[in-house]
Amino acid sequence: MTAILFDGIVQGLQLSLLAVGITLIYGLGGVLNLAHGQFAVVGGVAAALLLQLGINPVLASLGGIASAGALGFAVDRTLLLPAYRYRGEERLLLGLILTLGFSFVIDGLLNWKFPEFSLTFQLRVPLVELGGISMRTASLAASLIALAVFAALFAFLKLTLLGKSIRSIIENEVGAELCGIDPSRTRTLIVCLAAMMAGVAGVTQGLFSSLGAEMGPEFTILGLLVAVVGGVRSINGTLAAGILLGIVNAFASHYVGAYVAYIILLSFAMATILVRPAGLLARFT
Amino acid sequence: MKKYADIGALTLVLALVPAAAGGSPYYLRLATLALVYMAWTVAFNLIFGHTKQLFLCLNALAGTAGYVAVVMAKQLDWSPWLTVPIGVAAAAGLGALFSYVSVLRGLGVIFVGIVTLAFSLIFHNLVLGLRQLTNGETGLVTRGLGFPLLEQPLPSYYIFLAALLAALLVYHWLMSSKSGMAFRALSDDELTAELSGIDVTRYKVLAAAVASAILGLTGALFAFYNGIVSPSVFSFVGIDIPVLIALLLGGMRTRLGPIVGAVAFALIEELVRPWGQLNVLVYGVLLIVLFTTFREGMVPVLKQAFQAFPALARRLRPPPAFGSKPDN
Amino acid sequence: MLVRVEALYAGYGATPVLRDVSLEAQPGEAIAVIGPNGAGKTTLLKAIVGMLRPTSGTVRYEDRYLTALRAYQVARLGLVYVPAERELFPTMTVLENLELGAYRNVRAAALQLGYIFGLFPRLKERSRQLAGTLSGGEQQMLAIGRALMGGPKVLLLDEPSTGLAPKAVAELYRNLSQLKSAGLTIIVTEQQVRLALSLTDRAYVLEQGSVRLSGRSSDLLGDPSIKKAYLGVA
């Protein structure tokens, strides 16, 4: 029972990493990034390529994460430019279609160049004992990494001026501009950060499971579901939603099967949109 | 009578295609598939082009009708003449339901997209999960269920042509009636339309129901024609994306745009076939390029070329552009 | 002069609002823009600070043209706008709101904070409170305080007295006078005409998008047409 719970939390944290990125890009950039999962995959692929070159795993992972960030930068500065020329719903729609198209482009490229790709990290100590429960070191490590990233993110947003400016733009872009804050520069930064967090998710996927080149769309969907349930404008809500849905998914998969579990998650998302669009777990609208 | 001239001409041209295909079963099947996608694109034009409802569940709507019709025929031994209408009703009901709830809850385009995308995935997983009924990934054979005409290539082509004709006529009747004016007002500015007394809910739901019925009818027929129905027959990448591209290619909110677009897409598909897996990449590039440049589609561009033929040009005239002026 | 608007035409989409509006403000002056609802007062302010692109005409600040700049660039140059909606950050604290106001000039932030708390002691009391939980008057103070945090040279306020109790309005204008004597240039739009005219040096009367009248505020107070149209009952 606790094993399932723990598994759910680990998976959930991973989904949160993806979902927070989607939330940030939506809140700041006004774009629903349907290619977000691809940042994770590209990060993992880059890390694997670096590993093949003989670079040590930690550096290779960092390299992968940096690559994801670079891709994010490129996407914000090129692909999304047409979307940024508009506001509100039109930007959303244009951004959605552009990122959808981009997701297909990456998917096609990756599956063509790396058809049998799989990234897995092997740890020297496979199992570890904690408080009487033995768990896979990989899962523990993945969770700790995710938690560390979140802690860093919260500290950044809460304590630094740059972080506060990001929150201010999400909250009220007009007000932020009146304070002299340049939304588009900040937005590029956020897209990079979001992409890097996705990169972390991709690399840690290789840690406690394995990452395949075709997982992009799946990551995007799961991240999107979590972001929706947590509230596409709420970062706290997204973190909570990820853990919640991760646990729900773990238990549902175990007791009723993978398909029904997926349907439950999807229903959560649909219910949220129809009943409480600001997010089931969001504190503020 | 003049109003039907273009539809009539089109039907005539399409009716002659099998002769041009020279009896090659491969090309006949391609042409039949093109007809199916044309009908689906006409439907999407109604939902997305005219009433701005971003339904990303076309595959689920068509697939629901398909699976309902086939499973009922298999399990209950009912004739397709009965099960297909039931399937269509199911699809139309679902489409209307999603539309109604979305308007009721005041969902923006994006959230409608997410909800319908979720539905599309639920459909996929339901089909896989209800393995006793649907045979999961492997699918069901749809031969010998009481629809012999759809098991022969040439009659099938004409059945789908009839379905497409029906779709075009329904579209024409809708657009030339009060509903058409409502749609035009809606797609321009929903708030203003509502304030001028147009029952936005009613027209959006109407558009969704009619479009879903078209999707369902064609989908159910396709299930029988295809010989096999499985999740991959009604997949998101296989249906929603091509239809979206086709509509963008042909021109949103135009009469024959969906036809032109579907043909153009079919040609592109053929060109890209030898590249195998990379076709997905082409879809992506098309989406990006089309949505940033030819927002109104190819038909308006062709319209300029046809300026010398005023009558034809009038037929192809697109209404006001989607999207307002960029600011700054 | 510090701010000069010349022959400005502006509007929203196809609807023109401002027609051939010209205005100027000297350093340390307080200018009022008065007129009925819908006259274009807000549109004028928005056009000056870059929230709206004018269809023709120019806005000059010192020796620069502002007409092509974005709102955040204008703010960084020292022209800060306090809109009628205030546009605060409701889930952030008073302190955080103020900090963000100093975004363009972080070095001066600490000093400015002391000054602003001196000006609005109520804000100091509530510094850790969330901006969304403040009263209308306090939010107005916060909006102005935030605008002042960057050490602006020109302050533009859109109907700052709206929704405020008379006592709060009096306090607000007292503070504005103080700021004026400290060298700040103020452009304020108001519906409360008597108030606006008694506290400013010069005024422009905007009606249906054009400047109908302008001059020294004290002169306008005594003008018979103004008295009839705006001061009759007030």
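General observations
A, B and C label the chains in the order they appear, each numbered from 1.
Keep this in mind: contacts are C-beta pairs under 8 Å (C-beta built on N, C-alpha and C of every residue); 3 or more make two chains touch, one makes a residue touch a chain.
These figures come from a predicted structure and were not determined experimentally.
The most centrally placed chain, judged by C-alpha centroids, is A. Summarising the inter-chain layout, the chain whose CA centre lies farthest from the centre of subunit B is C. Across the assembly, the chain pair joined by the most C-beta contact pairs is A-B. Between subunit B and subunit C the centroid-to-centroid distance comes to 54 Å (mean Cα coordinates, whole Å). Centres computed as Cα averages put subunit A at a distance of 33 Å from subunit B.
Averaged C-alpha coordinates put the centre of subunit A at 42 Å from the centre of subunit C. Multi-chain contact residues, meaning those touching two or more other chains, occur in subunit C at positions 70. Shared interface positions of subunit A, i.e. residues touching 2 or more other chains, are not present.
Chain contacts: subunit B has residues 324, 327-328 touching two or more partner chains.
Those residues of subunit B lying in contact with subunit A across their complex are 54, 101, 105, 107-111, 113-115, 117-119, 121-122, 125-126, 128-129, 241, 244, 277-288, 291-292, 323-324, 326-328. If you check the complex, the residues on subunit C that touch subunit A are 49, 51, 70-73, 75-76, 80-83, 86-92, 96, 99-101, 103-104, 106, 146-147, 150. Subunit A contributes residues 161, 164-165, 167-168, 171-172, 174-183, 284 to its touches with subunit C in the complex.
Interface of subunit A with subunit B (complex): residues 32, 79, 82, 85-87, 89-90, 92-94, 96-98, 100-109, 111-112, 115, 221, 224-225, 228, 257, 259-260, 262-263, 266-267, 269-270, 273-274, 277.
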